[in-house]
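In this document, chain identifiers A, B, C and D correspond to the written order of the chains, with residue numbering beginning at 1 in each.
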Amino acid sequence: MSAPIKKKAGVLGATGSVGQRFILLLANHPDFELFRLGASSRSAGKKYKDAVTWKQTDLLPENAEDIIITECTYEAFKECDIVFSGLDSDVAGDIEKELFTNGLAVVSNAKNYRREADVPLVVPIVNTDHIDIVENRVKAAVAKGEKKPGYIICISNCSTAGLVAPLKPLVEKFGPIEYVTAATLQAISGAGFSPGTPGIDVLDNIIPYISGEEEKIEWETKKILANVNKLGDGFDLLTENDIKVSAQCTRVPVSDGHTECISLKFKNRPAPSVEQVKQALRDYVCDAYKTGCHSAPKNSIVVLEEDDRPQPRLDRNRGNGYSVTVGRIREDPIFDIKMVSLSHNTVIGAAGAGILIGEYLVAKNLL
Amino acid sequence: MSAPIKKKAGVLGATGSVGQRFILLLANHPDFELFRLGASSRSAGKKYKDAVTWKQTDLLPENAEDIIITECTYEAFKECDIVFSGLDSDVAGDIEKELFTNGLAVVSNAKNYRREADVPLVVPIVNTDHIDIVENRVKAAVAKGEKKPGYIICISNCSTAGLVAPLKPLVEKFGPIEYVTAATLQAISGAGFSPGTPGIDVLDNIIPYISGEEEKIEWETKKILANVNKLGDGFDLLTENDIKVSAQCTRVPVSDGHTECISLKFKNRPAPSVEQVKQALRDYVCDAYKTGCHSAPKNSIVVLEEDDRPQPRLDRNRGNGYSVTVGRIREDPIFDIKMVSLSHNTVIGAAGAGILIGEYLVAKNLL
Amino acid sequence: MSAPIKKKAGVLGATGSVGQRFILLLANHPDFELFRLGASSRSAGKKYKDAVTWKQTDLLPENAEDIIITECTYEAFKECDIVFSGLDSDVAGDIEKELFTNGLAVVSNAKNYRREADVPLVVPIVNTDHIDIVENRVKAAVAKGEKKPGYIICISNCSTAGLVAPLKPLVEKFGPIEYVTAATLQAISGAGFSPGTPGIDVLDNIIPYISGEEEKIEWETKKILANVNKLGDGFDLLTENDIKVSAQCTRVPVSDGHTECISLKFKNRPAPSVEQVKQALRDYVCDAYKTGCHSAPKNSIVVLEEDDRPQPRLDRNRGNGYSVTVGRIREDPIFDIKMVSLSHNTVIGAAGAGILIGEYLVAKNLL
Amino acid sequence: MSAPIKKKAGVLGATGSVGQRFILLLANHPDFELFRLGASSRSAGKKYKDAVTWKQTDLLPENAEDIIITECTYEAFKECDIVFSGLDSDVAGDIEKELFTNGLAVVSNAKNYRREADVPLVVPIVNTDHIDIVENRVKAAVAKGEKKPGYIICISNCSTAGLVAPLKPLVEKFGPIEYVTAATLQAISGAGFSPGTPGIDVLDNIIPYISGEEEKIEWETKKILANVNKLGDGFDLLTENDIKVSAQCTRVPVSDGHTECISLKFKNRPAPSVEQVKQALRDYVCDAYKTGCHSAPKNSIVVLEEDDRPQPRLDRNRGNGYSVTVGRIREDPIFDIKMVSLSHNTVIGAAGAGILIGEYLVAKNLL
C-alpha cells in the first residue's frame, strides 16, 4: 500500500513567532508537506535559514532551511492545498482575503476575520463542528457544479482556548453557564519576538494588562460555545443573556503556558457537584480525536488532583501541548465552581490549533 | 525641648523573614528603641549578626548587630513596652499568650489569634478603629484601679491587606459590597526563607496554590470590614449575607509585591460609576494618618490611570510600601467594577503594618 | 529474531533529582529494564508514585509508578545487572561499597569514589577508554576462573563535563594544554530539589559560589584527561606541571544547562588557529558513538558560529542533551583561545552520562 | 550664610535609560539644579512627563515633570554650567562636539570620545586625577586671558568600572598587574529600554555575548590605569607589555548589578598574600571622597568575607551604588588572586559616575 499523497502546505508570516511554530509542527507531518513560506518583501528571495531569527527550543527543521521565501500573494501560494497564516493583524486582512477569495483554504491565527458571521472560530478540541458551515458551503457549490470555493477558518485567541476548553464539556453535560470569570497569567511567548515583551518588564514583575485581550476572551467565548444555526450557514451566538463573561488578563514571567483562574455558575439548579464536574471533564472526548486526527489528544482535558497543579513548567506539554490541564476544582463561595486551567499558548492556543484544524479538514475531505 | 523617651520594643522570631523586616523598620524609628530580640533556643545566647542569615536588600542595621538573642519568654521580654511577633504559627500561640496574659502589648503577624472575638485584626490604613475595643478594655481596667492589662493585636494576612484597602473607602462611600472576587499573584517573599519557595518552582513557572491563603482572605475580609459592636468589646462580623468573598491565590516569580485582580458588586443600586469609584479611592485618608503616625501614607490608596499599571517592580514602594496602588479601574461585565491592586506584602502586608499599628498605639497612649 | 534480553537496572536514591532523571531515561531504554528502586527507609515499602515528589517536565513513566521502593542494600539489589546511583554523598559511600564489593556493577553520580586510583571517572563522550582498567580487571579474574568482580564507575561533576568535553579533542589533535580557566554560570537543577536553591536566591540575583565545585573542576579535569597507565590498572594523572586549571563557579537563574566561559593555552608553539580549533571540535567523534551506544551523539561537540550562542534555552537539548555545544571560539589576548561551552547538566553532566556509561558497559560485555 | 548657588545642569538623551537615571540623581542634588532636558525632535516641545516612558523603581521627580524638552543643540543648552549626556552613540558624536567646542563642559556616558588622547575616561572612585589634564588646559587658557574652554569627560563602560575599581588599589600598593581576566555576568538594565534585551532572552536563559563589550573592557582598562603624562596634557597609556586584559561578557537575568569573576597576576614577585590584597582594598580611599564630593563613598571598595557574596540583589546598593563590592578573594592556581566583584551598573557604571564626576568638577572649580 502506497503512502497517501501529502497536502501542500503554505505558511504566511513564516519568520514570525507563530510562523516558526507552524514550520516546526509541519516538519514531519503525516498529512502535510511544507511547500511555500511567505514573509514580507524584506525577506522574500532569501533562504528561510538566512531570513529567520530562530527562537524555538527545537532546532530549525532541515527541510525548511533552504526554502526560498516568497511574498504573501495568491500567485505565490496558488498551488497550496492549505495555507496557515501567522501574519500580524495589520497585514493579515488584505492578504488572507486575496487568498481565500481566489479559492484557497486558509487557517489563520490573526484576529481579523474572527467575528465574521460565516467564519468558524475554532478551538479544535472544542468546536470542530463549526466547520460544518464550511462543509455545507463546499458541498453546495460542488452540487451546483461550481468550483470548490475558498474559505478561511480562524484560530481562537490563545487565552480563550484555555477557558472554553473546560467549559465545553460542562455545557454539554450540565447545560448553560450563566456567569464565568477568568483571571489569566499569560506567558510571554504569546507576545511574539520583535520585540515582544521587554526583558525589564518580566524580571521580578507582572504586567497587569494585555491590549485587547479581555475583550477577545469575553466575545470569542460566546461564539465558540454557540451552536451552528438551522440553515447551517452561521452560528446562533450566545448573548449577554445566555452567558456573561468577565476576564482580567496579566502577563507573567513564564515562557510558555497560560494559567487561568476560572469561576463559573451554571444556569440550571441544582448545580453539579465538584465530583460531577471532574467526571464530566475526564469523560470528554473531542470530535477531532474521534475523527482520527493525528495530533488530537486522547484526553482533551487532563484533570489533576494535586493541590498545587497545574503548573506551567510541569504540565504545559501534556498531550504534546494539545491537552488543557485543569486542577483545583472546588466549590466557589459566590458562583458554583472554581478551577485553574493551564493551556499551551503556542500549541492549542495558536499554531498547534491551526495544524489540528488542518488535520480535521483533511479528514473531512475539505482540502 | 528634650526628645521624647522612646518605647522599648522587642521582636519575637527575630531571625526569620518577618523578624528581619521588623528590625529594619525599627532601626531608626522615632517612637521605638530596639530592646530585645527573641528566637529559638538554637540562636539564643548568640549575637544577632552571628545567628541571622540576613536576606534583606537593606544592610543589617548596626544597632541590631550585637544584641544578644534571648529565648521567647515573658521573663526575657517583661521590660518591653511593646513586642512585635514574627513567629511561625506553630509556636506563636503559646509564646504570645504567655506574654499578653502577663501584661505585655503584643502585635503579631501570626495567624493564631486572628479569629478571636476580642482581638483586633488590623490593616492599619483600613481599620485602626478596631483598636477601640482594646482602648476600652484598658480604660476600664485603669478606671477600676487595676493594672493596665496586656493584649494582642493581629496583623492581617498579606493578601487580605491588598484587597480590603481599596474596599474600605468604597464601603464608606457607597455602602455594602455584595460580592467580591480576588485572584492574587503573590510574591515569594511572603513564603519566608527557610526554605521558602524553591528556586525551581519560581523559574519559568507559576504555583497556583498557597496553603490556607484563600480561606484567610475570605474570612478576614469579613472581620476587617466589620464595625465595632455597641458594647465596644468586639465586632459585628459580616456574614455571607453581608458580603460574599471568593479568592484564588497563586505564587508568581516576583520578589516583593502582591498583585490582585479584583471584581466587586455593590449592594445599593445604582452602583457608582468608574469615575466615582476612582474619586472615592483618591479622597480616602486613613485614621492612622490623621492621628499623626509617622509611617502612615498621605495617600493610602494611589490611583493610577496608565493601562499597564500597577506593576510590582515599579509601584510596590509607593508611600514607602504603606500605600496600596490601584489601577485599571473599569466596568465589570458581571459585577460592577474591576480593578487591579498592588500591595507591598512585607510592608503594609506584614512587618510594616505591625510597626504602623505600634505607632498608633503610641499615639493613643496605649503602651 | 528475538529481541535481546534487557539488563536489569536498579536505581539508588530513586526519589531524588538525579534518581528521577535515571528513571526517565530508563523508561523505554533498549538495553535496560527498570527493575529495582531504592530510597531511604522513609520511602521504602511505598509505591514509587506515592513516595516521590515528581519535579520533571516529562511525566512520571507508567512503568515506574507502581514499583515498590526498597531500602538501598545489597540484598535488595543483588539480582540487578547494573545499579545507577543518585545517592547523596553523605550516604553514598557505605551503600555503594556494600554493593560493588559484593559483586555488583555500580555507576554513581556521587563524588565519594571519584578520586580512587582504580576507579574510572568518566564523561562518556570523552574518556570511555578509562573503563579499560575495569575490563582488564574483569578479564583477569575470569581468566583465573574467579567470579566476575563488582566495580564502580563514577560520573564526573556536572560542570567538569562541560569543560573537558571541548578540551579532549584539542588535546588529541594539538597536544597538551598548559593553562585552562573556566568561569561557570550553572543551572539550579544541579542543586537538587530538597530544598535546592531557594527561590529568593535566584530571582533577580546571582550566587557567586557553589560549595566544593571549583575544587572538583580543578582536580577532575586532571584525571579525566589522563591516560590509562602501562599496567592498565590505573591512570597517569596529570599534575600541575602538565595542566593548570582555575575555575570560578556561579549559580544563575537558569533551570537546566551550564554555561562556561573558557580560556586555554596550548603547550606546543605555534598554537593552532581559531579555524583549526573549530575544525578539530567538529571532527571529533567519541568512542561511545563508534561503539554503537544508543544515546551517544553523532556530534559530541556542536560548534556554533552565531555571535550570541550557545544559549541554555535554545541549545541545551542538542543531541538530546548528550552533545556539548561550543560557540564564540576566538583568540584570547592572554592565552591562545577563548570559547563558551554549554552542557546539559542533568544529561551529559549527571544521569544521562550514567546511562551512556551503562550502554558502553553493555557494548563491552562488562555486565 | 546663604546657600551656595547651584550649577545649572542639562541632560542630553533625557528620555532614555541613562537620561532617566541622571534626572533621578539630579532631583535633589546639593550642587546641581535641573535646568535643561534634551531629547530627539520627536519629544522636543513636550513636557517631560508626557514624553518619557518612565521605567525607574523610584518615582519621576516632581521638579522634572513639567520641564519642556528641547532639542539637543548648543543654542538650547548654552546657559548650562554642565551637561550630562545619556545619548546613544549614533548621535552623541556630533551633538557633544557642538557643545564642547562651543565652550560647554560635557560629561558623557557615550563611547564616542573615550579613546581620544586628550579626553579623560573616568571611573570617579578610581582616576579623578585624569581630570588634571582638563584643569591644566583650563588654567592655561585663563592664564593667557582666554575664555574658559569647553571640554568633554567620558564615563567608562559599565563593566570596565567593576574591573578597574578593585585593580586600582592593588596597582597602587603592589605595583603593576601583568595579566587580568574578567568573566562578566551583566544586568539587563545596561542594555537600555527601547527595546533592550527581549523578555524571552532573559527567561531561563543566558546570552553569552554583548556587542563590543569585551573590546571596551580590554582597551579602557589600559587608559584608566594609566598615569597622566609629564606634559599634563594626556596619558601614558598602558600597552600589551604593561598589562594584558582578557574579558568574556554575558548577559544574565538580573535587573541591576554586574558580577565579574576576576583573576590577576602581579608583575612583582613575591605576589601579595590574600590577606594583603584584602587589606589594600579595605584601606583604599578614593580622591573624590577626600575632595569632599557628596556622593563619593567612604568605602570605595567593600570587602566581604562570606563565601556566597557579593550578590546583586543584596549588595548592589552599598554606598548608594557608588561602592564596588568584592568577595571570594582567594589564591588562583594559575595567576595570583581570584575574586568576584559587584558594581551597580547604572550608578558607578553609568549615570552615577557622571554625577560624581560633576561633583568633582565643582570641587575643583572647573565649571
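Throughout what follows, contacts are C-beta pairs under 8 Å (C-beta built on N, C-alpha and C of every residue); 3 or more make two chains touch, one makes a residue touch a chain.
In UniProt terms, the chains line up like this: A, B, C, D = Aspartate-semialdehyde dehydrogenase.
Since this is a predicted model, take the numbers as computed values, not measurements.
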item	value
More contacts between chains, B-C or B-D	B-C
Of all other chains, the one whose Cα centre sits farthest from chain C	B
Whole-Å gap separating chain A and chain B, where each centre is the average of the chain's CA atoms	43
Separation of chain B from chain C, taking each centre as the mean of its C-alpha atoms, in whole Å	49
Geometric centre distance via CA averages, chain D-chain B, whole Å	41
Junction residues of chain B - those touching two or more other chains	55, 200-201, 203-204, 253-255, 313-314
Of all residues in chain B, those that touch chain A in their complex	179, 181, 183, 185, 200-201, 203-209, 211, 218, 240, 244-246, 248, 250, 252-255, 259, 261, 263, 307-314, 327-328, 332-335, 338, 340
Chain D residues within the chain A interface of the complex	55, 188-189, 191, 193, 195-204, 253-255
Complex contact set, residues of chain A against chain C	55-59, 203-204, 255, 313-314, 317-318
